[in-house]
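In what comes next, chain A is part of two complexes: it sits with chain B in the first one and with chain C in the second one.
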Partner chain A sequence: MALVTATSAAGGIRAPRPAGLKRLALYPALIFTAAFFVLPLAVMLCISFTLRDKGVTVDWFTFANYRAFVERGDGVLLQAMVNSLEVTAVVTVLSILIAYPIAYILAYRVPARWQRLLLVLMVLPFWTSYVIRSYSWLLVLSENGIINRLLTGLGVIAEPIGMGNNRGATILGFVHFFVMLLTLTIYSNLVQIKESYRRAAADLGASPWQVLLHVTLPLSLPGVAVGAFLTFVLCIGDYITPQILGGSKELLMPQAIMRQVGRTADFSMASALSMILMGVVIIAFLFSARRLRMDRL
Partner chain B sequence: MKRNLFGRPPFTRRQFLGSSAATLAAVGTMTAMPRAGRADDELNILVWCDHTDDRLLQPFAEKHNVTINVKDYQETGAALAILEQSQPGDWDILVVDSVDVARVAERGLLSELKAADMPWGDVFPELHRTDLNFIGDKQYGMPEKFGYHGICFNKAKVDIAQLRKTSAMWDPQFAGRVAVYDYYIPTMEMVGMGIGITPGTMNAENLPAVREKLLEIKKLASVIGDVPTVQNALITGAADIIVAGGEFAVTNLTADNPDLDWIIFDEGSVFWMQSVCVFANSPRQALATEFVKYILSPQPQAELATASCYWAMPANRNATLPDEIKKLLRWDEQPGFLAKSHPYFVPDEELNAKMLEVWTEFLQA
Partner chain C sequence: MRGLRQLPAILYMTAAFAFIFLPVAMLVIYSFQNGPLPVPPFKGVSLRWYDALLADRKLMAAMGNSVLVGVLSSLAATMLGFLAAYAMARRPPRRVALAQFFLMAPISVSYLIIALGLLFTFNLVGVGKSLLVVGIGHVVINLPLCFAICYSQLGEHQANVERAAQDLGANDLQALILVTVPMLWPALLASFFIAFTLSWDEFVIAFLLSKYDTTMPVVIWSMLRSGLSPKLNAAGTFVFGISILLVLLVELLLGRKRTS
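Presenting the complex of A and B:
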């Protein structure tokens, strides 16, 4: 492999860089990103400022769709965003609270030879279809499902309890999925922390809790931040889980977007709502990147 | 200056702009390039999921020695989006909600069908509605399948006698056991019918009354959703009835769940209808028209009625349905059902927007 070593103006040695044809290897990724991400996004942004009536574009630049987001139907679309943020916040916090102890035990309590096997077992549910996993939860939580049958069989409850088709079921489905993701990101961060740091703290008289709170936890925050950010992004934009498990008794933002497309084909409004959702994700990214130093990961 | 993993700026601004311009130009060129022509032995159909079974399409494909390429979609908006991204001549056949035939035809997308060549004599007379499949005296769609919005129920838990009146939709005895089919026009018409608003006469003045009743139903609802969602609710016990459900929601489930049934109210129902159309730019007009006639013939009508995706009534009265299927579809009750049923109405854009707002509020309440 032909590598070029360059010397900087200050006389330091630069890292080797690919030369000539090797740099062309970057172009496929650039072209792909430009063609299938930047360009469609730009088109969608432009469409979001148009206004359609009877399937025809009647205004080529207007903020009407963005105003409608706030004003339409006494704020039902705004409420969809609030619902999405609430669900996403609960899912992210719950997933972190569950995933961190799992990742900690995996990294520090489980013998190294078992760690890989347990990690594989952890991600096994990833191998099943997302849709099938959601429907499986619906069957588990349903009135005729395994939990209700068990509880009624044991005499704990007289009548089946409706556990599916609500926000709780949506959150459960999300948490089940994102705990796996967060466990992986936190685990990969924990195993990078030098053992000597934790030993030094212990030698200086720190209790195991103090080591966790003052050494391990701060150093593992980048892993938590990356996992939390991915959870936030994937959760807030997900259509399938709330559609299957939520029973459509309240709208989340992706469902509100889909409703603009379905019968009326109002792509202008759907684009505007998508751009608003993307704005929220960007804010979340900036918060994660600046406050939690994701770049250190 | 920030450097990449290789210790140097990945691209200068000039390089970045140059690369981006080249990329966009390449994408634009690819988009503008003429696509390879279609083979002569292909028929491209844009249809609902009930037209995807081999047992329906294979006999036509074999007889005419063509390959039928199928693309299925769910809602008219999605179909229009597909068409906007297609080239003229890409598609031959469209299956669409009958209330949307005029909407598609007005865009110049549909070919006129010669009414005299169509098997109208075999079709239920109540389906012969010039306000749906015609614009003026020109026909653009042929009704091929229809069904009712009434109420579905679990016979093991609910007595059919409790469901004869439209007031069953908001009867408190079903609190927490109600699934609502998530399609605003027929469901709002059904609710309107229950409070004395004749289907087709909904307007901005009587819409608030429908809204009030919908919010009453919302308090009783355990699930609101599309067909698979409300079907699941009935099967898993999350609901005992489906408001605005009909044969399309339960008849294909009865083999495994014989307690599932459906009925329309004494006051009547709203019926839906789907039509098969030929695209104006289809290069295979004659073959596409033959396909329309084929779909309307007795045996394909029976296959269409019992499609693996969903069952419903064949438009052809002479469809060769087995007796056990006729019983599930309440075939013998058709004359009475049709006599007291109303087709979907097509609200104007302003009313449609208001109805959607009410429906969104209903979902969000």
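Presenting the complex of A and C:
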């Protein structure tokens, strides 16, 4: 420690020794996070091992809730998890496919001074709440909505068709949101790639497609990965979009959790399902973190 | 020739814009609908649904609650985030990595799970649902962002000026209040407004942790049960408009800093 101080003093810079106030300043945030984030999760973990029947705790340590996740109602809860994973996977892939060209065109085809403005405009609806965004899609998809009007007007369909209340509507609502998120993360990655790399490849005879495939795309993978991970986390945990757009014919995991809270007030089961959902996110995180490192090698 | 080559890009961007703005356009346009249904055909411009909005006591009360929860929770999140960033900046990255990870962790957990955790915990210690609890939940989700914004703006420049102040005899507290905070006000304001926007739009936490007094998104949600209505469009347009204003303000605050 003394050595470190001595060397930095020799370098002409006073060692940033954290004094009283500067050290104490860290604690309010740490204590707050411990009390209102870590502790509640720990409480949930504990509750998930208790068994409740009609509001009374009948068993203090059991895996019954986790077993019920697989067994209850012919696996209806397990199916909710499968549905969630399917929807999230489709949403993530579709969003990347749509967002990448947007980010690419913004970064390389749009004049530099317009880029910022166009980007801000492009992701403006990102800042609506889930409730209002989903409601807006309900307007678009409704039987008298603009799409049905257009299709009947053009004679594509004779009668308006119900487009809400299914998985397709949920996916549409999600993709709309995450295209904006991914545009942001991919764009900010693309503008950091040195122009000289792309120019060097072109000078060496690579066609624009080859430059894209062998230079730009590999270098932009971190931006894609960050965006994809955020998409995964936010998508799999959202209750509102599937509830408003998907209806309740098919349950996704957050809807299944809300049912435990709402109908039966089974906090134990809700906790167990939440823990399972969190576990899936953690596995996804570890998986993507490892993949990302492998891609960099 | 060049124009022709750009054509696919222009077409793609136009289509993307249309996709992204279609629902927003429907929301905003049909909030001015002069008729009972927020769907085509458009029957002319009218402000009657905004009048209905202002006359709705419950909605206005919810708006007041939203502002209250938003302002207080954003103030708290910004303060906690700034203090943590201030404490961590200029320390060796390896020594603060753990604390940083700890503070950023809530970002990877679904709002629903954070809300349930708080609900069950407060339930256990006998604290009932209230706007205060909602506010705590909003601080939990906003603290990582506020911390990240402040942390990213605390650079070597601030450290030098701070040291200069201390050499001139200021103590830690004086340097913090008279030097660091004024230098960082754009970042602090940006952090406050981002937090406010997220709190203003947040649904699940407010839904699960509030009782009779509740926030805008929750009231809009309960209005949704009676189906599509231009009044809902008006409420949505209003909420969205406020968010947009704040986001543009943040863009201005942080954008100006970048160029200067």
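In the analysis below, the second predicted complex is superposed on the first by the 272 of 297 C-alpha atoms of A that agree within 3 Å, B and C clash if a C-alpha of one lies under 4 Å from a C-alpha of the other, contacts with A are read in each partner's own complex, and residues count from 1 in each chain.
Everything below uses one rule, namely that a contact is a pair of C-beta atoms (placed from the backbone, for glycine too) under 8 Å apart; a residue touches a chain by one contact, two chains touch by 3 or more.
The structure displayed is predicted, hence computed values, not measured ones.
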First (chain B), second (chain C), both or neither touched by A:Leu138: both
Partner chain in contact with A:Leu277 - chain B first, chain C second, else both or neither: second
Chain B versus chain C as contact partner of A:Phe267, first or second or both or neither: both
Touching partner for A:Arg149 - first (chain B), second (chain C), both, neither: second
Dominant contact partner of chain A by residue count, chain C or chain B: C
Contacts of A:Lys249 with chain B and chain C, given as first, second, both or neither: first
First (chain B), second (chain C), both or neither touched by A:Leu212: neither
First, second, both or neither for A:Pro160, with chain B first and chain C second: first
Which of chain B and chain C A:Leu39 touches, first, second, both or neither: both
Touched partner set for A:Pro101, first chain B, second chain C, both or neither: second
Residues on chain A lying within both footprints (that of chain B and that of chain C): 14, 16, 18, 26, 30, 39, 135, 138-139, 142, 144-145, 244, 261, 267
Footprint of chain A on chain C - complex, ascending: 6, 9, 12-13, 16-17, 19-24, 26-27, 30, 37-40, 79-81, 83-84, 86-88, 90-91, 99, 102-103, 105-106, 108-114, 116-121, 123-124, 136-137, 139-140, 143, 147, 159, 163, 172-173, 176, 197, 200-204, 208, 217, 220-221, 224, 228, 232-233, 236, 239-240, 243-244, 247-248, 251, 255
Chain C contact footprint on chain A (complex, rising order): 14, 16, 18-26, 28-30, 32-33, 36-37, 39-41, 43-44, 47, 98, 101-102, 105, 109, 116, 120, 122, 124-125, 127-133, 135-140, 142, 144-146, 149, 176, 179-180, 233-234, 236-240, 244, 254, 257-258, 261, 267, 270-271, 274, 277-278, 281, 285
Footprint of chain B on chain A - complex, ascending: 6, 14-18, 26-27, 30-31, 34-35, 38-39, 53-55, 72-74, 76-77, 79-80, 135, 138-139, 142-145, 160, 162, 164-165, 243-244, 247-251, 256, 259, 261-267
Residue ranges of chain B in contact with chain A within the complex: 3, 5-8, 10, 19-20, 23-24, 26-27, 74-78, 80-81, 103, 107, 176, 182, 218, 221-225, 229, 232-233, 235-238, 349, 352, 356-358, 360-361, 363-364
